[in-house]
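This report concerns only the one structure given below.
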């Protein structure tokens, strides 16, 4: 990151003047933390006692035989407390907030995972907490909303714009400019104004640091390829970062293909021609926008990938061809999910299932002497309503209808 | 365990002759595994790569200050793969099944956690899997049923008797006597005919082994007391076993008080006069039964504790006063759950919340120099329907009704 | 006279004996009465009366449901003993109690044996009480001259059969196949080998139960077994056609 | 003549100037026309015309909704430029474009400056473009003699204000308080201290915006600020009472 927060042509901090000073302080504190080895140690202690880091690297023996190609290893971020990699970022920012002495945190959330993680961190650190969530996501991820509220957070339903992640982000910024003095905005992914992209990636980099050590221990050498789903880009950056200098390791980001690259109903920013450079939500990256610069509606079965922008760091790595980007459609994702559940007894989040789908397409062509790593960013439990829905599971429908009748009495 | 499978006056193997030979083989294989250090090593490897053992021991700083007594540490079995301690037992038996060369597993389940764990193990080990679940529990724990089916298991709804755990067990035995040659019954708790109580406790003992090492590392000495909820007794035995010889550590089992010890609607086997010695489901223990020896209906908000019997090992420890037993009512449990979510950002399963409720009652009287451990046997996500219901959460109801309307179209 | 002797005497006159089964209090003691009368009048040699239990682990759907309905109707253990006394006094064939161990255990092993002996019961069938678990009960049964019938299964090894033979009294109940009561069994070569193993292991009379439904089944057992056991079949019959249908059915079996 | 000079000239005759705000295409360009006419006829000194953007991060509910509705009605950037040309030709006061950076960025910084200059626009207000991010754009604005108005906030340090002053053109837009557009502001002691800091930091005219709603508010600003900015207030007015209500309201402010 250069002094203005750019990665190559991407990033920056396009923020209202009201926030300028806060960002100065945030950048300052962030720099201090990075210089302070104790901070990272505190972070590791927190993550190993409150969450269960290091998360395992699981050898997926059945899937490996199923495809007959490279050995498939799965990095198990789903085993984090709150069920996704989001905890890594949130707990790190929590430590930062304590150092800055702020008493309130706010956050946007798409899948609800980041909201869950933030509400959790707020409860643990005794901070007030408000979560902004697009109306459509509130519906898609109701259980997470319930838990956030039970942990003491206020969940605000955002009814503006497309009523998804990007609108939640705008609303969170509006809160922040209003309450900037006592409030920290816990940005949930490697996007937004500097220093968020780099800071979030730093906290998430624990994934790749562990994975590198684990794969060498189990497999004896570096993997051929690493797959991660890409919404904002935090789990991808988290596992990629450590491997950027390992030039023999191909890094593959899988975006949300929704109903298909040509359908217009997707969230493919880097692996389709639909996106163009733009500036919104405080940073410059490839956005899905029209010729006037108005953001388009995106679509994905996975709420957490349903976003118009992408990490400026990934746009830079994309431009420099250091990361390859692919996409997987909603249907491919459900199939990959199904196969993974039946073969391994593992339930990836719909977001994560994109990485699985991307890997399944290619792993068969690789040599059995090689290995790949799939980053399972989260667990699928949270998605039961979406998944049961996608399967149109009849007994599930019957069950819901029965419950509703009780409640309607 | 003596050669007939007794612990003091409790236990044994009251099994139909058809199963005699299988039990001989099972006991034999179990003995071999216990003698074979490699087996335990394989077990540890599996649990540390497929699940995330060792699970953390979390210092609950806020709860500690809230009660102003001993330091509260939480053993995080909720971070296991599939979300509960059940995985420990199931994966261990899975390794045993592979050694015995059987191709099919069956299991009973109450909360659905053991069914989930068994379905998961079956998927991972490539075994056919049938899960028996009481009709009432199928309703209480629908999401788990959905996932079990998605992982390839057949879930059989048991409509006999009280349509809960004990009836699922009977039905599983009926399957077993029919398919004994190729099938192993993965018993889910430290009950049933020998060698199950001891074998399940052995696999679960990994909890206490880790906890002892962790508490000494963090707290510098052994804890004053350890709390665990008691359904069949496996998570309790799992954390207690290692501490049985530590005579200064008080072990406290918390049973399901349901609507109160005097209400008749509870599942208190050891801490109320309602239970009497009996023999059912293949073993001798304290059962909730009438004067004729007919089993009573039990009640608990937590499906996993809603059971007429209890581990014969615990009955023995109870008789010998090595473990103290308490109970917590449904209401106390919901309160403890609420407090834990808000204070620590941790969501215990309803079963586990009994242990929290039991500990919260007493911890205030202990010295801040001392520590207690609460065994969080599982996570509460699976209970969203029950918990949202218990809170009578209006937006949840609205959401369910909305979904139902979609499905009714 | 001990149960075994009684059966041997009967075997002087018949090439195979017939044991039937009822669940006490299902559908009612009244119907039990009629059914038992019909059984006796049509030449049944021995009747096992099942005291219902809430957890009939070894029983299939038919008997399971009978157990539950009987209990739901309020059947108590005392009622069963009283009814047994009545039957014994009225019918001159051996009656056995079949139940699960908890019923006896809860009643008190000795108290139960004493009661059973007093009312003239000849023995017990307890599917969940292998001899290892029943040491004290075996002794008491002998003391009160009650036969604790032990069970052979196709999965029992020769060694195990010998061991059981040592503890068994009255006769050995040979379970025809794996599984629970009620389903049809195949009386094939494997079955014959199994019965031969049983015969080789004990001198006690052999009864064969589980899934015997017809004259053919019983014919197939002649010369191989001493007694055929009819279980669920009559219960289903009573459910469908009432008590009156039992007599003709029993008659049709020989 | 440059914007700053124009304002200074007006300040010869008035003790405080008035700048108003409209969202282009909301509720329609027609209504925009009427509203602007009423504003000019009632002595407004400067008008900022907001080109709608789908992500108006710094705007409150009222202007946010106006942005969305305008876009939903199909407003394009070209329409806004054409409309601006029409207004400039009809009314003899300075017009500014207000928008978010992406609109200009996507159009092309130079292309946009050129267009704006051609149609006679005097400057820009871009809340999400701090000078650090706008180096190239600042240069282009100067080249085309367009004033890029910079913003002060109560959170800006003196040092920061000085820095901004160096880059600012036309006037400085002083945000009256933390938060987004639309809410009422308190013009208390703190506020005065803030304005004093602003004044000390720059020689450019000072405009004060955010939450100015009444004659009193404007009175309170006299002597402290050079220009008062009326934003959401008139949009709400038009929504409630129609374009015709704007004239009287503006008149009532002085």
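A, B, C and D label the chains in the order they appear, each numbered from 1.
The definition used in the following text is that a contact is a pair of C-beta atoms (placed from the backbone, for glycine too) under 8 Å apart; a residue touches a chain by one contact, two chains touch by 3 or more.
Keep in mind that what you see is a predicted model, and the values were worked out from it rather than measured.
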Chains shared as neighbours by chain B and chain C? none
If you apply the touch rule, which chains end up adjacent to both chain A and chain D? none
Report back the single chain whose CA centre is most distant from the CA centre of chain C. D
Distance from the mean Cα position of chain B to that of chain A, given in whole angstrom: 33
Could you please state the distance in Å, as a whole number, between where the Cα atoms of chain A are centred and where those of chain C are centred? 66
Rounded to a whole Å, what is the gap between the Cα centroids of chain C and chain D? 98
Where do chains touch, given as pairs? A-B, A-D, B-C
Seen from chain B, its contact residues with chain A in the complex are 48-52, 55-59, 62, 76, 79, 81, 83, 119-124, 126, 139, 142-143, 145-147, 150-152, 218, 338, 341-347, 381-382, 384-385, 387-388, 391, 393, 395-397, 399-405, 407-408
Applying the document's contact rule, which stretches of chain C touch chain B when the two form their complex? 53-60, 64-65, 68, 71, 76-77, 100-103, 105-107, 127-130, 132-133, 150-157, 160, 164, 175, 178-180
Would you mind writing out the residues of chain B in touch with chain C in their complex? 4, 12-22, 160-161, 166, 170, 173-174, 177-181, 276-282, 287, 289, 291-295
